[in-house]
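Input: a single structure, listed below in structure tokens.
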Amino acid sequence: MSQATKERFLVSPFLVFFLITGTQVGIGMLSFQRLVMKEAGHDAWIAVILTGIIAHLLIWVMYKLFAHSPNAEDIVSIHQRYFGKWAGFVFSFALLVYFSLLAFTVLQTYIEIIKIWMFPLMGAWQFSLIFLVLTYYAVLGGFRVVTGLCFWSVVIPLLTIFPMLFFPLEYAHYRNLLPIFDHSIGEIFSGAKAMSLQYLGMEMLLVYYPFIKQPEKSLKWAQWGNAFTTLLYLSVMLIAITFYNEEQIQHITWPTLTLAKIPEVPFIERMEYIIISVYVLVVFPIICIAVWSASRIAKKLFSIKQRRFVPMVLLLLFIGTLWFEEKEQIERLNKWISTIGLYIVVFYIPALYIYVTAANKIKK
Amino acid sequence: MVIAASLLLLAGCKSSRVIDEVQIIQEMGYDFHDGKYVGTAVYPTFKQGPMTKPNLLTTSSPTVYDLIPRLSSKSALPIEEGQLRLILFGKEFAKRGITQIVHSLARNNKVGSHLLLGVSAGSARELLDITTNTTLSDTLYLPNLVEQNASSMNLPKTNLHLFLYNYFSKGSDPFLPYFEKKGNFVKLEGLALFKDGKYVGKVSLRDSFLVKILLNETKNGVYQLKVGNRGKQGEDRVMLQNLFATSKYEWKKKGHRHVLHIFVHIHASVRDYPSWLDVPHKKIFSMVKKKMEDEMENDIRRLLRYFQEKEIDPLGIGEFVRSETRNWNAVEFYREYKDLEIKPHVTVDIIQTGIGE
Amino acid sequence: MSIFSFFKETKTNGEEKTLQQLLNKLRQSSDFITVEFAVNGHLLAIYYFDSLVDPKVLQQHILCHLQNDVPKHPTITLEDLQKIIPIQRIEVTNDVQMIEEKILKGFVAVQFQKTDNRVALINVANESLGLRPNNDSENEFSVVGPKVGFVENVGTNLHLIRRQIATPNLVFREMPLGTMSKTKVVVAYIDGITNKQTIETVIQRLENINFDIIFDNSLIDQILSDNSNSPFPLFISTERVDRAIYALASGQVVILCDGSPYVVIGPSTFFDFFTSPEDYYLPWVLGSFFRLIRFFGVMFSVLASPVYIAVLTYHYEMIPKDLLGPIIFSRSNVPFPPILEVLFLEITIELLREAGARLPTKVAQTLGIVGGIVIGQASVEAGLTSTIMLIIVSLAALASFTTPIFKMSNTIRFIRFPIILFSALWGGVGIIFAVCFLLIHLGRLQSFGNPYLVPFYPLRVRNFKDSIIRSSYSQTAERPTFLRPLALFRYNPLKAKQKDDIDE
């Protein structure tokens, strides 16, 4: 980017903590235990830590990538500089499509959960309409408002949902964790692969990087955010391992929600309904940031106003939710998007980094 | 704007389930009778006051899945199972296997994890009928009975989650409370044992104290022990109340075979004791303590023998061994389960008593 | 068009008017008095509005001196009047525009010759006529602490402020506002504490105001507002002197307006609206406790009835078994869905409140009893509502009244309705949708360019000391940093913090 982003649109470096955690922790938190335990059994928590460490490395690589350019740039400028106009355009456009589809899958998956648990008869369009109207309102507020949402999406669920998940420890079988390393390295790695999908979302850093005040200084906070995500996943995973056994968890689609059936207080029980409701707050910033990122890329590629582009994307998403009704389609799409995201984060970004470093060396 | 709002409002009303416009069933009974499945639902009505009046709905069908839709055809309001508190299986039904129902319960997100399951000695319908028609007249009589017994008496904790945990676990088998009809009352008679989703046997309420302790539930329960031979009837027994108990398992290798040691340590108070125990004599007291420990060890051995003969593992011994063994194989373990050597060691500490003081 | 042309006329033609024309125009009102008498060969003429001046001052200090003392000084000019009339700041001018303005504000114009264009303007305005001398701050009551409130007279209000802040840094900047009312509006701030940029923003926004009559400070409040479409008040308006002074000391700007007993304080944050001066008069533990209770009250007031609707309409699974009986029984006679029940009760309460506010105090008390007890009881017996619902709705209404600032408590009662609607449509998810909407909205709001949700977002951990809780005075020496004050410390924290060792 040629001109620096105006000071009053920037966010403080420490808010990157919330941006990273807020985008990483999403709908997967409700069901990841099943997928990871399928591969790594009761050693799944090792896979969680392993993936967390890899994510730390990848965040470091992203910051390194940006460190090459003198003032804060986003991915679109880097693409253009190193790949030329057309190739850069193609890569950036691919990212745009990816972010839009990401927003779409997150929205669709969450609506699926609402429909299954709460409103089997209600049309999906109502929820997607409300979601998209809210997204429009938030994104129009600019990046600061979206970051604010990320902040609330970490704080409020942390205060409401997270404590609930400790009640099931009443039924914990701590022996389930033994013997440690009962599974082969291969099994743990395939667990880590399943786990890696849960860390997706941090790639949006590529777009909002120039919106951080003194972005180089925010690396520390990004790493803390990632560590916090790992801690959340780890604790939920440990609770699930001690609460369920390996066979049982395969019969439960959303283990985290089923955990919430345990806590009871004198005036309310069945907390999973609270979790599903509060999850609006968890899902919503992810959609917002994805849409914001997509529109930001579009702004730079087509020099179209974000104010114009956002409604267009949202309309497409809305039409999309009308089209995709079948569970199987959604699942296939989900798999697709997460695989693409995985390739972007794990292969493309390091490759880009190596390429950029090499290109700089040659120039010198 | 107004049109959109009213459209939303209309759409919203469609899936509402206003609490007084649905038939909330709180208990469900399953029976197998004359080649047909019989389903019984108990629902409360609140016409006179906040106290419930239970009502019964019964229907029969050749398949299990068909029961709830068929019940609906007999009800004025849509039947909702989200407040289900207890599911009772008739013994015949339980013998034929409850797999289908268990699997559907595992997937059903409407029911809570605190849902209780139970087995009735006769038909479930009869038992539920008693709770509705006699003086008990409370839809929550049975759930309260179970909860009370679990929290203060001999019954180990049970609920849907624990049942599913043991059911799906490779290293343990589930158990459920076992009820019997006694005249116009329902009596808790112990534990019904399952293997592969089928009812295979039961243990008495007295023995369920041992199960409770062996499952490492630390508090409550009473147990009667014989400590002497003299005196009239009843004069030779003491009644122990468990205050705090721990059980520890140890998996030791002896030669090329494994031995399972179970160390049980009970801190108990003596509730009732024969009059001759009043004599303040230390020797008698330690003698009695030894006797209690021996008898309890015997009882545990007998109980485990019974489990081994039936090839069931309600204590989760398999689970324990799994946590001690790398690459544990369930099939191999249960092949030799019958001949597994298990050694219980009981220590009884008497606290809070008048004996010997 | 006609309105605009009216403004134009006064602006352009006014300057060309002569004094004579002005006098002729003013004479159309019967309360415009012209007194003429000859002294010393001068034909003195005095013009004033009878309704605006203080007759005592006029007689004792003007007429008396003019009649007795002018003959003693034969060569007296208008400029020399200050020598004989014991009233401060006598102005001599021939500016017709100014003469008109001053006469309309209660000045007396003294003319020596009929033909002379110059007049002396003497202030004899009756400042307190028709105004309350004092205000017991009944609308923002506190048990402990001073009960002096602002009054409708801006002079008195400035006095009240100046009396407590004895520093030359306290600046009052006066500016007339309103094309027709020419209301005296004063911006008060403490130089060297309040951020310069904030002051500039305030002054600039005030200067941009174009309005005919400023009835009350709340008009200024609304016109100044960064987002006029928000139901949330962006500035505190208070009638308590201590609150205004506290705001000044923390580096905020206070805007006073003649004719309004309320002052506007900005920039404010969302959490300022839930603090009461009383928090600072109680020990900090109690102060914090009551503040927490207030926050809980807001949460309860906003969420209680929506949650109840959501649970009863969609999530019956969440009701524990012991509550199931009472809830179903209380609803068994009610033919409506819960949403109608709630709306019926909420609207009843709003009606009661509105009627109570419009009626004289004594009648309002009776009304409250009739409405609250009789209607409530009867509607339950008639099967219109259920008892539990009645309890929840009235508790929610009660909780909304704990908010110390009236504007905010209105807002809280208002935002309940959309949330109720959302919860009736989409249950628990709907409630969170609405909360999400609120969070975005609050996140977008700004008060004089200051984020509204501070110290939560943007997060300022340092300022939490005096937000949800009120920490002890040894902790709160710093001014809130989000106001970017020019001087950070209110008092020396080291002195306040100093603690002696045991037995020393």
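Order as written gives the chain letters A, B and C; numbering starts at 1 within each chain.
Note that contacts are C-beta pairs under 8 Å (C-beta built on N, C-alpha and C of every residue); 3 or more make two chains touch, one makes a residue touch a chain.
The structure presented is a predicted model; accordingly, all values stated were derived computationally and were not measured.
Every chain gets a centre from its CA atoms, and the centre nearest the mean of all protein CA atoms is that of A. Ranked by number of C-beta pairs in contact, the top chain pair is A-C. Distance from the chain B centre to the chain C centre is 66 Å, each centre being the mean of its Cα atoms. Inter-chain spacing, taken between the CA centroids of chain A and chain B, is 43 Å.
For chain C, the set of residues that touch two or more other chains comprises 314, 317, 319, 425-426.
With touch defined as above, residues shared between interfaces to two or more other chains in chain B number as follows: 8, 12, 15, 112. In chain A, the positions touching at least two other chains are 119, 122, 126, 264, 269-270.
Touching chain C in their complex are the following residues of chain B: 8-9, 12-13, 15-20, 22, 24, 26, 44, 46-47, 49-52, 80, 82-83, 85, 110, 112, 140, 143. Every residue of chain C that touches chain A in the complex is listed here, in rising order: 311, 314-315, 317-320, 322-323, 425-429, 431-433, 435-437, 439-441, 443-444, 453, 456-459. Considering their complex, residues 11-12, 14-15, 114, 118-119, 122, 126-127, 130, 134, 137-138, 141, 144-145, 148-149, 151-152, 264, 266-270, 273-274, 276-281, 284 of chain A touch chain C. Within the complex formed with chain B, the residues of chain C that make contact are 312-314, 316-317, 319, 321, 324-329, 331-332, 334, 337-338, 424-426.
Residue ranges on chain B touching chain A, taken from their complex, read 8, 11-12, 14-15, 103, 106-107, 109, 112-114, 161-162, 164-165, 167-170, 319-320, 323-327.
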